[in-house]
Structures are given as structure tokens and as C-alpha cells.
């Protein structure tokens, strides 16, 4: 077959498979999005909660604190109202996870902030 | 002792120097200047330009330090893959997950690869070379370098230069095409960001699933997709900050510097000064144009199919060129209507283009091998 | 042109895929899940899991990118040693220097290595393989990988997986044994931290002296102890902050990422799916238990000999697993009595265990060679 | 010899040598701790002094400054009272060291904080 | 089984140990001590010292891990060149550009190289060895290592030790010579910093131009000057902060650590314990003195020619040893007159010395090759 | 030829060429300094301007602001008085450059400050 013939075939097969592969990914993504919709909602809620707490703690020193926290909480409530109720299993972090996270944080803190005793010499 | 020997030793720098070298040094200086003054993709064009200069002063990829670096990172394909680990750690696939229909644009943006391949074959290039020129249309540096270094390593220099130069010229290349191919009414389309939330679990699973699917469908793309997705997994897992930061900093910075130098070091006069280089530069530009046109056409198709709910401008980000193309589309829409925010949609299409480019690059390798091109 | 060739090229991903690969990909996904959801040693188990997945999609350590990485870091033994430079730069040996009697616990914590070796031989493993399984009882990742990659590289995957998985399970494995083997009275023992101050001079001299002694006594352990102590010297010298930070960050992060990937890439179906893997996992768990039991027994011995001045719980940190085991012992003591702080003693025993593991690993290499096992 | 025999010998010799090596280290550590006890005490004192100065300088703006410094100094004095008097040779840093340290600090400062003149362009 | 074999395996550390090793370990301990206590160039002398210790405990550059590192970074010449990328990114050539006449001092400061070479030849060294000893007079670590590793790799250890030790001793070696050779009146000369502004454009062009000129005039110096200037280009371009920081941190730190270890690993008893090492140390000191004397003589010449407008003290920074020599000269002038600031002039001469050292090192390589010395 | 003879020749040629190469660089540097003198002056002026703005913005909250800015402006004016008038082409940054810089800054900001959504889990 001529080189041009090969090139045409390559174009045909190549673009066909590119579309095929990406459409396959589309299907998989759509499927996964639906399967994880509930957990996604829970994640969002958790994130919103964290944000509310952060706002509250940052604004702690002023009168704005409670107002801001309230605002975020309202936004959160509105959002959550449209979501299916989340299972408690997903919302709480296991002791094990908490322990490991603490350990990792400690380790990290040690690594970077620890004063090298020899350094002052 | 022989004074001739000594004189020769001392003047070997001048003796080996040719007019071709002088021209190529000028090319290198132009690349450095574009990097510094015009700020065209400086992290790559500056090392490439400097590598080109020293390659024509006796330090090419065939000898000494540059050979060590070339063998370590290009021959082994390691540098583009290390860069992909870092790139993956910087990509957020959530917009694409929330709007998976954007994959259509990411596929459409690869037409330029094959259109350019066809044209290159018509111009008389052999299949592997034509495919290497076509892969400029992937509009993704590591993919282009990975494919070209396997199919036509002798053309790596011009291909990488074309890929990165045009990528930095996207704000100049795309807007006229976008204005030409879309009506003002189309560009004014506002899109609600449905904002389906993406669960942490899915964000972590996504890179693993993509690796699985793409490695099976296009095994030649496996190294590219695996490294890109490894980076993304490091990022999304949220439990390996140290590694994710290493990927986004140390690993990508060092690989980028030496990748640029190594590519520049292939740009010797004998490699670069030929008509084929001009053809590469011309065809590479064409590939960018074809990609953009195809992306916009599919954008318009989606506009039509959805009854005007899709702004066709986002078709232009299916070409890959992450993240510049995505930002540019959003900017173009905002220029028409200051309150029109389509960045999330644009980023969805843009990351789809990134995936499409890798898949298309891998398939190209397999097809050229299958058609006896190697 | 032959369409069969092309079809073969395009479907080679599916053709090479076996049920074994599917099982191993599931194993890889489980490892990634444990790393992300359960946060079990994620910096290692996540890259190992991902490496396992891609190894079974055609990217094993025998080909392409992963071969480059495997040859560069495992065959040369460089990755575990680079990690040890970083680990050394993170260890503080002052508690051990202030209480050198803790070395007894660091020695006791190595019984599991030999006990497991014996059992493995009884189960029919050859000596080098049995020794490689035993070295899981060193409960120290780099040591286990260093020894196993020399004695039985084909078992590197299961050994590393066992070593790191169980290490992250220490808070689950050890407490029942600790409660079973100690009385409440013993666990309530408070220890004054004598707090003998350690001079800067000695802290700097210590890594040099340990390197000298261990290299002479157990020359096969020399690379391990030298790199660990180099890192510690960088740290304690106080004059090379740049290097100490490079060891604790760039060097260890990059080496960890690629070590994990490389180990994962050995976990192909043909390597991993065998009864010996199950035996490794079972015997590895036993090694952890034996180490803990031996450590606690010696802890109780010290309790008896000192007339109840030593809290036997710290025996459990002689196993190595720095720094998790040390922290766990201290936590267990505090659970019995909130005002009982034995962390410094626990860390003394834990760092002694680190030294003991390296020495035991080196001796194992020499002894297996001496007994004609290689 | 059977493999099991070898394994038993390895266990015997291996554990024996592990204990031997670590007991040897114990001896060396004990020896070194005694040899350096004096310098260790000096180091501690220096560290305490530095801490006192730091406390003083941090608390500078308030009345607490002198009180805090005094407290640290007292703690230090109590500690030092139990130590042999330290030689002056160890306490003072040579000019040479001071020069090198300054040089290194300068260099480091240059490296990291220096404004790249070209960067503003 | 043979108990003799086992005994031999277990005691091989002691069997291979010789008195020479003991002496060399003492040398290593001295180097580490100088690094830690006296703070002599600790980032290099500490790894060199530690490398020396382990080289004499069986881990020399001829085997195992250290062989891997040596082959990867010294045989390929990569480590000194990587360090130069970092050094280049830390150098500011603006003072030299504003006062280009300082190049005279940078040339004068290289006399020590050739004077030492002559003396070494008189003492019976062969030409390549003599030249390697002479290159200590470049007073620039990477240059000395680059040249010596090509001409006389067996002498790399003593040469690197001499180069770095004396460099850190500059505040002790130079002042007496400076006081002896200059009058108080000369040292009191104040110099106005003309302060011709240097354009951004020129600061960027300078590294490219220097690379061009030096690569043509002294092609053997091309790798050195190219890497130094690449680093400087990354710095001055102002558009590749990521790369410039990688050069100044990750790249230089990692290369320095392993360069030091690799050099130390060549210091085995058989390599180091010989009269030639003593000769290297003595001649190296002489090279420093000759460089300083020649620099000061040219400084005095400039003083005379300009009618007393040049402070001859800055002649002493032409030796290279960037940036210590520059700072020392400025300090000496300030000691005579607290309000005399000559730092900018000193840095101009010092950076000129850096360039002069690289050029002289490259020419030395070419000349030794030309005179049949290799 | 004897080794000593070679060594003497090497010394002669070597030092000669070192001087030659550095004198050549001198010539080139002098030439380039003159060719770029105008742009150098412009750069300096720009830098001074930036500095003035920075001082002004930093001192914004106090009355010192205008005084400081004025002082810097005067210094700048004095300096500029001695310089040739700068071309407008050099002083203004092209839109293109501005766009690229912004893009790079955005990218950098994204890389380093972006909160990893998964990290909070």
C-alpha cells in the first residue's frame, strides 16, 4: 500500500479510536459520578462546615464572628436542603485515621520546626 | 613536541566552527530572546535556546556532558515522563468529571494531528517523520517529545521548538480563528456551571480508572498516561503532600531544565538547517490551526445540538495546551460580555484535550508501527 | 500492509492481559485504598500500589520506564540508601546516648528475624529466601529492601508490602500483645528521665563512631549504617543546614516515590500470585509478633533486674519501626496513667532498635553468604 | 549440613553478634558520655543562657522582661551550681569561627533574600 | 558447611583493615572536625571527610554504592558542572560589567597555576599530574575537580582537599601577604564606585556572550563556562524563577553532597598515603600564595598606572575563591579606614577571577593534551 | 623536548592566552556597556520609580507617605536629569508581556497556594 494510503488509514483508525476511547471515558465518568453522588454531597457538606468553623475561628476576636458563622451556616443549610441525608458512617473519621493523621502531623512538625540542638553552637 | 599539534589544540574551537554553527547560534539567541523579552514559555525555550547555542560550540548531544544528559533523559524517555508527574499533580479534573460531555471537544481537538500527518506525507515525508510532525498537533510538549523521540529522533529539535513556541503563541494564533468561526451571538452564550459536586473518593479513583482504560485501549500511551495520572493521584489522595510537592517542584523543575537543554543540544547545524525544519515549522503551525478549527466546529455542533446552551468558544480548548487554551477561551467570552464566566467549562474541555492528546499520541505510535512505518 | 498486524498492534493491550493481571490490579487498588482511606504508610503504599497496577498493564520492571527506574535505584541499591540519608537526618540519638542500656532492648527486638527464618526454612524455603522473609522482622523498610534485593529479588514485592503494611499496622498489632504480656503494675512504672545532658561534641562524634564499629563488626551492613549515620552527621553537625534539609526533603521524597513505584513494578502476576506470597505475608506478621514478644520479655527482665525501675512497655519499641513503635509505647503507658511520660525512654529503645535492625540485617547477609546460601 | 542446621547456626551466631555489637556500642557510649560530661554541661549552660537572652529580648517591650530573664537565670544558676566550673577556652568562640559564621550567614542571606535586579523588569 | 568460611565472612571487616586505613580514617575525622569545629567550607569538607572514613571501611569508589555515585557524577564530570549551574545562579556580574578593567586582575590571579605546574615538574611529577596540582591555583573547586578528574583522577582526593581547605583558610593565608606587599598609603586609597548602571538587557546578554567567546578561545573550558553561564542566565533572565531556584537549591545541594562523598571515597590508604600527597598539599599552598602575590603585583601596577586611583588590595581577589576573597579584600581596606568601602570593586575583580580560573583551567587541559602529556 | 621545556611553553602560552581572552572580554564588555547605556539608564529610572511607588504604598497609612514618595521622586529626578531622555518604546510594557506575566503569576499562585480539596478529608 502507498504511504498515503497508510496515512489515510491511520487517520481514519486513529481519530475513530480517539473518539471511542474518550466516549468510553465519558460513560465511565457519568457512571461513577452517579455512583458517588451521595458521598460527593457529604464531602461538600463537610467542606462547608469546615469553612464555617474557619470563618468563625478567624473572626473570633470581633463581633463579626457569630454573624459570619451564621451566614455560612445558612448557606450550608440551603445547600444541604437539596441533598439526600448523609450516612453517619461517612461523616465521622475513625480513631485509627485520626491517630495516623496526628502521627503524620507530628512527624512533619518535628521535621521542619524542630530546633537543631547543635545549631546554636 | 610539535607546535602544529599545539596550535591545533588551541584553535580547535575555531576550526570546528562553521557558518552553519553561526546561523544556529543566532537561532539559539533568538529563542533566548523570545523567552526573556516576549516571555514565550520561558522555562522551556530558554534552556532549549541555550542548549542550541552550546550544541553549536562543540557541546552537542553526541558528546560529553550533553550526551550524558541526553542519554539519561531523552533516550530513556524519562524527562517527559517526569514532567508529566509534575503536570498531573497540577491538574484538577473535577470540572471534567462534573461535565463529562466535554470529552467530545477533547477528541475533536486532535484532528490537527492527523490532518498534518496527511499533508506531511503528501509533501514527501516518510510515515514516522510525518507522524512526528503531526504530533505537534497534540499541542502538548511531553507527548510530542515522547512520540517524536521514538519515531524520528533526528527531528526532535524542530518539533519541540515548534510545539513550545506555538503553544506560547496561542493568545495570538487562536483569537482570529475564534472570531472568524463564531458569531457574536454564539460567543455571548452563558453557561450555568451545574456544579455537580465531585466526591473525594471519585477524584482519587479517577486517575486509577483512566490509567486502566487508556493503558488497555492505547498501550503505547501507557507511560504517558500512567505518569500523568500518578501525579494526579499524588495530588488528589491528600495523604502524600510531601510527594505531591516534590512532583510539582523538584522533579518537574529539574526535568524541565535538563529536557530543554537536551533538546537544544540536538539542534546542531547539520540536524536543523534543512528544508525539513522549515516544513516542520510551517506544518506545526497548520496543526495548531486545524486543531482549533476542528474544536470550534464541534463546539458549534454542540451549540446546535443543545439548542444554544453550549458556548462554542470552549471548543477551542479541546486542543490541549493546558492550561493556556482554557484561560484564553474564558477570556474571549468575557471580552464579549464582562459578566460571562465560562472558565469551569473551558477547563473541563481543556483537561479533556489533555487526555485526548495523550491517547492520540499513543495510538499514533501503535498505528505507525502497525503500518510498517518503523 | 496487513490488517492483522494493525489489529494486533491496536489490541496488544487486551491480548497481553490475563486474569492474573486483573487480580494483581485489584491488589494494587487495595493498596492504594489502604493508603488513602486508612492512611497506612501512604508515602510508600500509594506508590507501591500504583506501581503494581501499571506493572500489570505492561509497565513492569522488566521494560521501558520502570526498568530504567528499577535499574537505577534497586539494582544499584541506591534508593533504600538515599532514604536512609534522609531518615538519619531526622533521628535524634540523644535519648539513647543518655540511656545506653536501652541497646539491650534494641538487640532483643531482632529475635523475630531469626525465628521467622527458622520457620521459613521448616516450611521448605531455601536459605536466601528464608532470610529475606526473616528480614521483615527488622521492621525497617530500607533494611528489608536492601537485604531482600540482594538475597531474593524475586520476592521483593511481597516482602516490601508486608514490611510497610505491618509497620503501619503497629498500633493494631502491638497493643494486645503488650497488654497480654505485662501486668498493670508493670505498665504503671514511672521512669525519671535522668536527663544526662549530651554534649554537642558527642552528638557529632556518635554517628562517626557507630559507622566505624558497625562497619568493622558487620561489613555487609556498612552501606546501610554509613548512609544512616551520614544523615545524622549532617543533622548534628549544625554547620550544613543546606545539606541536612536536602536530605530530609528533596532526596528522601524523590527516592521514596521512585522506590515505591519500582517495588510495585515487580508485583506482576507471575511474580506475586503464588503460595510463597501468602507465606511471606503470614510469616511477616509472625516476625512482628515475635519481635514484640522478645522485646517485652527483655523489658520484663530489665524490670526484674532493676527492681521495678524500668517500665517493660518500652521493650516493645526495640523492634525498630522508628518512630511509630516509640510513640505507641509512650501512649500505652499514658493510657494507664495520664501523668506517666516515658517517651524519652521509649525513643531511646526505639533508636537502639533502629541500630539493631541494621546490624542484624548486615549480619544476615554475611551469614547466608558464609553458609553457602548464595 | 542440612538447611535447617545452617539456619540454626545462623540464628545462634546472628543473635549472638547482634547482642555483642550493641553491647559494644553501650560500652562506647557510656565511655564517651563520661568523657564529654563536662563539655555537655557547658553546652547546656550555654543553651540556657541563650534561652534566657531570647526570653529577655522577646519580652523586651513589657515589664515581664526582667522578671522572666531573672527566672531563667535562677534556673540556670541552680543547674550550674551542680556542675564543675567550665573552662573559659570552651566558652568563647574564636575570632575565626565568628568570621566564618558571619560569612556563611551573609552568603545565605544573599542567596535567598537578595532581590534579583532583573526580576522587576 | 565450613566454619572457616563463616569465620572469614564474619571477620572480613577486620581482615581487610590495615594500618593505612586507620591513618586515613584519622584523616577523615580531622576533616570532619575542621568542618564542624572550625567551620572550614563545611558543605564540602564534611562529606569529603565522611567519604574518606567509609572508603577506608570498605566503601571506596571502586565498589558498591560509592562506585555508582562516582561513576554517575565524577566519571561523567556531571557533579562539578551541576554545582557550576548553581554557582552561576548566585553570581552577580554587574560590578565587573561596570568596571571591565578588573579583568586584568582576574588574569593575573592565575599565575599561581603555572608557577606551581613548573615547580611540580621540577620535583619530578609528570606533566598531567603537575598540571592537576597546578590547577589548585585556580582556587575554584569545580574547575580543579573537572581538570584533575581528566588529567590525574588518582590524585583527585588530595587536590580537592587542598583546594577546599585552603579556600576556607583564605582569611588566614592572604592578610599577611597583603600587608607585606602593600603600603598603608596604598591600602587607604578610596575608590569611587562609578556606578555605571548596567541594563537588564546587557545582564542577560553577558552570559551568552561569555559562553561564545570562551568556548571558541578555550574549547576545553566550554562545559565549565557553559554551565556557569547557564546558571547566570537563569538568574538574570528574571523569567524562570522556578529554574533559578532549583539551580540554587536542589541541584547544587544534592550535587555538592554527593561530589564530596565521591571525592572522599577516592581517599583510600593506597591512593592517599604517599609522598605525592604531601607534595600536593605543599604545592597547593604555594599556588595560593603565588596567585595572591601576582594579583597584588598587578594591583600595584594599576595603582601606579592610574596615578593612585586603584587600591591595590583588590588585586588579591583576582585569584577567584568567589566570594570569600572579594569580601576579605573589602574587609582589609575597612580595617585601615572604617569609611572605605571597596566591596563593589573587589567583587568586580573577584568575578573576573572566577572567569579567569575557568579559562585557565580549560587552556591547561588543551595545552597538556597538545604537548603530548596525555 | 623535556618535560620542563613543555611546562615552560605551557606557562608562556597559557598565561598569554588567559590575558588575551580576558582582554578580549574587556573590549566586548566596554563595547556592550556603551551600546546599552541608554537602556541601562531607562532601567534604572524604572527601578527608581518602582521603589518610589513601593515606598508610597508601604507608608500609605501614615502622613509620611507623601513626604517619602516626594523624597524618592526628587532623588530620581536628580538622577534622570543627567541622563538622555528615554524613548517611550522602552518604558512601556506590551500587552502581550503583561498577559504572559499575569498568566505566569496566576499559574504560580495556583501551584503553591491552592488548597488541595482532598487534603481536608
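Every chain is named by a letter (A, B, C, D, E and F) in the order it is written, and numbering of its residues begins at 1.
Everything that follows uses one rule, which is that contacts are C-beta pairs under 8 Å (C-beta built on N, C-alpha and C of every residue); 3 or more make two chains touch, one makes a residue touch a chain.
Nothing here was measured: the structure is a model prediction, and the numbers come from that model.
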Touching chain B and chain C alike are A, E
By the contact definition above, name the pair with the higher C-beta contact count: A-B or B-F. A-B
Per mean C-alpha coordinates, the chain lying farthest from chain B is D
CA centroids of chain B and chain D: separation to the nearest Å works out as 51
Roughly how far is chain D from chain E, going centre to centre by Cα mean, in whole Å? 31
Between the Cα centroids of chain C and chain D the separation in whole angstrom comes to 28
In chain E, residues with contacts to at least two other chains: 1, 6, 10, 39, 200, 204, 217-218, 237-239, 241-242, 250, 363, 367, 371-372
Where chain D touches two or more other chains at once, the residues are 6, 9, 13, 17, 43, 104, 117, 120-121
Once bound in the complex, which stretches of chain D touch chain C? 3-4, 6-11, 13-15, 17-26, 28-30, 32-33, 36-37, 39-44, 104
For chain E, which residues are in contact with chain B within the complex? 76-78, 81, 204, 208, 211-212, 215-219, 222-223, 226-227, 230, 233-234, 237-240, 242-243, 245-247, 250-251, 363, 366-367, 369-372
Touching residues on chain E, where the partner in the complex is chain F: 96-98, 100-101, 103-104, 106-107, 110-111, 113-115, 117-118, 121-122, 126-127, 130-131, 196-202, 205-206, 209-210, 213-214, 217-218, 239, 241-242, 352, 355-356, 359-360, 363-364, 367-368, 371-373
Residue ranges of chain B in contact with chain F within the complex: 1, 6, 10, 37-40, 90, 92, 94, 168, 171-172, 200, 203-204, 235-238, 241, 244, 248, 323-324, 327
Partner chain C, residues of chain A touching it in the complex: 1, 5-6, 9, 13, 17, 96-97, 99-101, 103-104, 106-107, 110-111, 116-121
